[in-house]
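The following block contains the structure, expressed as structure tokens.
Chain nomenclature is as follows: A, B and C, assigned in order of appearance, with residue numbering initiated at 1 for each chain independently.
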Amino acid sequence: MTILEVRNLKVYYYLYNGVVKAVDDVSFTVEEGEILGIAGESGSGKSTLAHSILGLVKPPGKIVGGEIIFQGRDLTKLSEEDLRRLRGREISMVFQDPNTYLNPIMKVGYQVAEVYEAHQNIDMDKILDRVAKLFKRVRMTDPEKRVGSYPHELSGGMKQRALISMAVALKPKLIILDEPTSALDVTIQLEIIDLLREMRDELNASMIFISHDLELLSELTDKLMIMYAGRVVEYGYTKDVFKDAKHPYTEALINSIKYIRKGLLPTIEGEPPSLINPPKGCRFHPRCPRRFELCDRVEPKPISIAGRIVSCHLYGEEYGEGG
Amino acid sequence: MTLARYVVRRLLQAIPTLFILLIFMFILVRVLPGDPARLIAGLEATEEDVERIRVLLGLDRPIHEQFINYMLDILRGDLGTSIKFETPVIQEILIRFPRTLELAIVAELISIAIAIPLGIISALRPFTKTGALATIGSLLGSSMPIYWLGLILIYVFSVNMRLLPSFGYGTPAHIVLPAFTLATLLMGNLVRITRASVLDALESNYIVTAKAKGLSERLIIYRHALKNALIPIITISGLQLGALLGGAILTESVFAWPGIGLLLLDSIYSRDYPLIQGIIIFYAVILILINLIVDIAYAFVDPRVRISLWRPE
Amino acid sequence: MEARVRERERSIELFGQWFRIFRANKVAYISLYILIAITLASLTADFIAPYSPYEFNIRRAREPPSWEHPFGLDEIGRDLLSRVLHGGRYSIGIAYAAVFLGASIGVFLGLISGYYGGLIDDIIQRFTDAMLSLPTILLAIALVTVLGVGVYSLIIAVGLSTVPIYIRLTRGLALQVRNMDYVLAAKILGKRDIYIIFRHVLPNIASPIIVQSTYYLGLTILIASGLGFLGLGVPPPTPEWGAMIGRGREFLISSPHIVVFPGIFILITALCFNLIGDGLRDALDPKMAKYIRRRGI
């Protein structure tokens, strides 16, 4: 069953020196119990995409087109109050940096308790017990005591567990994770990933997992979507993508993992494109090792090939001008 | 570190500050051009008069002896004797200061009561008329010559409408105009600081978390944004009490409010030099104390500071 | 050589950009014009003022505004409009001179304090702490009491009273750039400290200092005219705005116009400085450029 369907989503930022098309015509679906990975360099629009699902894009950013269909309802058309009722209860989110995403002057337990408060009528005394149980479930050390701690008294990993407990408290259908481990130490990263997997199995929730760590995504996700400069370049089953990457950018990303394994700094030649004036034609063409005559003129359309979607001229039929 | 140790450390830090101020006052009066004895004696005084005053003030002694006596006297709480009133300076000050403090505190409360809500509103509704009005109002406040505003208020409310007394001290009605005038001094700044602080808090990542939880707009603003925003506001409005005591000099002059500011002006007009020096030293001590209290209060309000202080290292 | 040219072009381009942002702030732009108008009017007061600021006619003292005397006559029958126009020279001129004095000393000490750190920093900071514990106006009153009345002592008193504010501001900024690559690079190249301070540190912290100075000009006008009001500023019959209010206050009940007009000019001038300060701050703040929506500017 499809939990979430995003169709032709466009999210633009209106800045002083131009319009940034952070998410430009992106479509995908998330099935029940599935983990979708979204990968790309920083600035590829993956984080904006995640925020836009919950209506959390800050001005001057704006959803300018497309649909986000969650259980039959288009979230882009919901009122603020309807969206609020959805947030935290049916769709929840875990953010990148646990240090800044927790309120520094409020006890962690109360911050988690607010999720219950926002959606349920319940006694405040009972809530804290529930929070302690929740803390135990996300394997925080000393959960009863942690309820009364302030964020700066907790380690980064503990803070992220608190944020995760917030996200799973009401057993949502969909959990969006925006680089939840990139601010943490490697050992803690692994613990958090294990915890997330466990939570998925226990709640049978779907997840959208955003990361620039392809290796991590290859282990965790069912499907994978690669973004470049606001566009989807490749989207399919993780196993397939890793076995046989179609898009040259995906290929480059996967190759870069091998460099990391050898202890080298992974790089793709060239610089990420300007999002205000993206390159004409295929946005990747200035950095693409396999570009040809068509690439700098015509923007490739997404096509279905080998059980996945790829936007690359290498796999297209003949395209005419303006195709 | 315990809070007690923190307080002691801050007290110790205040000592060099005070010491420098005392040296500054000493130098100001003695080294800069102008003979204080002649200044006090006035233009018409004879040489004998000047000499008499010089001996009276101990200005005929060697400079290091003067300095030691000056410091010892101050340490004993002896700020000298007023030439005009012929009473101990500290006694005059202690009679006048509570009235100034009363004025300053009422003014502080008025400005907080008006400025903080205005600042919050202008932060929450940046592109509305209310927001624009708050911004313009705050700028008018910071550009206002308060002594002039005081005179205008007297003209409108005392002379024309006959609602409030124009000068003096005593009944609650007497404090309305001066306190409001003095409050204007703070209001502009406070509106801007509140606005910036609230905007800053609203931009924070924990607000995104609160939103993602499905918390209502109202709770997000009150429980998360405003609470965080209030910490710097409290600190700053506390520190502004110093500016209020400064502004009180002008306000007291306009409304003939018999506080320490008016006493300072009287002492300047009558060249009562021990009184001038005593009042400024007293101001310095009070203001250093206020800074100290604000710092400690800050440690109480912000758990980050509080816990870093209280937790054994 | 080429790098120099490019640097020049870049700074011209940057100047163009911030001027466009500044101009987009209509209020700040209009304030700039009003301020220029007031300044010009006071500078040319000898020619444009309808009467002499000093000539009095005691029989017509405190006459209210009329066509003949748009602002009325003051407490001894001098034309108030002419006095207000001439007064701008003192009130605005004193503010400029005082801020220039305060900035020169304060920025220099702040740079030294922030750049060197260590003992020099400690000494300057203790001094600054002490001075900042007194409200600016009290500091100015203390200084003017010693220096006596007069235009120059007013400038010195008000100017010196802004020194600690400038030290604190400049020191904080200097600390931020002290460890920047270009400063470290210059140190490695063996450049003299004084060269690094003025060639590398100061230019990089100049814009916030300029913005703050604009605000301080507004503040200084208020303080200097406040001293004038208290009778501690320039001696009579000098037409300084604050002093005019101070001498007119006795006649508030019968002739409020003597108090009203100079006050309005103080208020407008200080307001203009504050609004221009806001405009400059927004234009020079790199963060702002991002947030301003494209409106064809």
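As a working rule, a residue touches a chain if its C-beta (ideal position, glycine included) is under 8 Å from a C-beta of that chain, and two chains touch if they have at least 3 such contacts.
If you're wondering where the values come from, they're calculated on a predicted model, not measured in any experiment.
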| item | value |
| --- | --- |
| Shortest walk length in steps over touching chains, subunit A through to subunit B | 1 |
| Reference subunit C; chain at largest CA-centroid distance | A |
| Separation of mean Cα positions, subunit C and subunit A [Å, integer] | 51 |
| Computed distance of Cα centres, subunit C from subunit B, in Å | 22 |
| Footprint of subunit C on subunit B - complex, ascending | 16-18, 20-21, 24-25, 28-29, 32-34, 139-140, 142-145, 147-148, 151-152, 154-155, 159, 242-243, 245-247, 249-250, 253-254, 264-265, 268-269, 276, 280, 283-284, 287-288, 291 |
| Subunit B residues touching subunit A - in the complex, by the definition given at the top | 204-206, 208-217, 219, 223-224, 227-228, 231, 302-304, 307 |
| Residue numbers on subunit A that touch subunit B, as the complex places them | 51, 54, 56, 80, 84-89, 92-93, 95, 97, 100-106, 111, 114-115, 117-119, 150, 152-153, 163, 166 |
| Footprint of subunit B on subunit C - complex, ascending | 126-127, 129-131, 133-138, 141-143, 145-148, 218, 222, 225-226, 229-232, 242, 245, 249, 252-253, 256, 259-260, 262-263, 266-267, 270-271, 273-275, 278 |
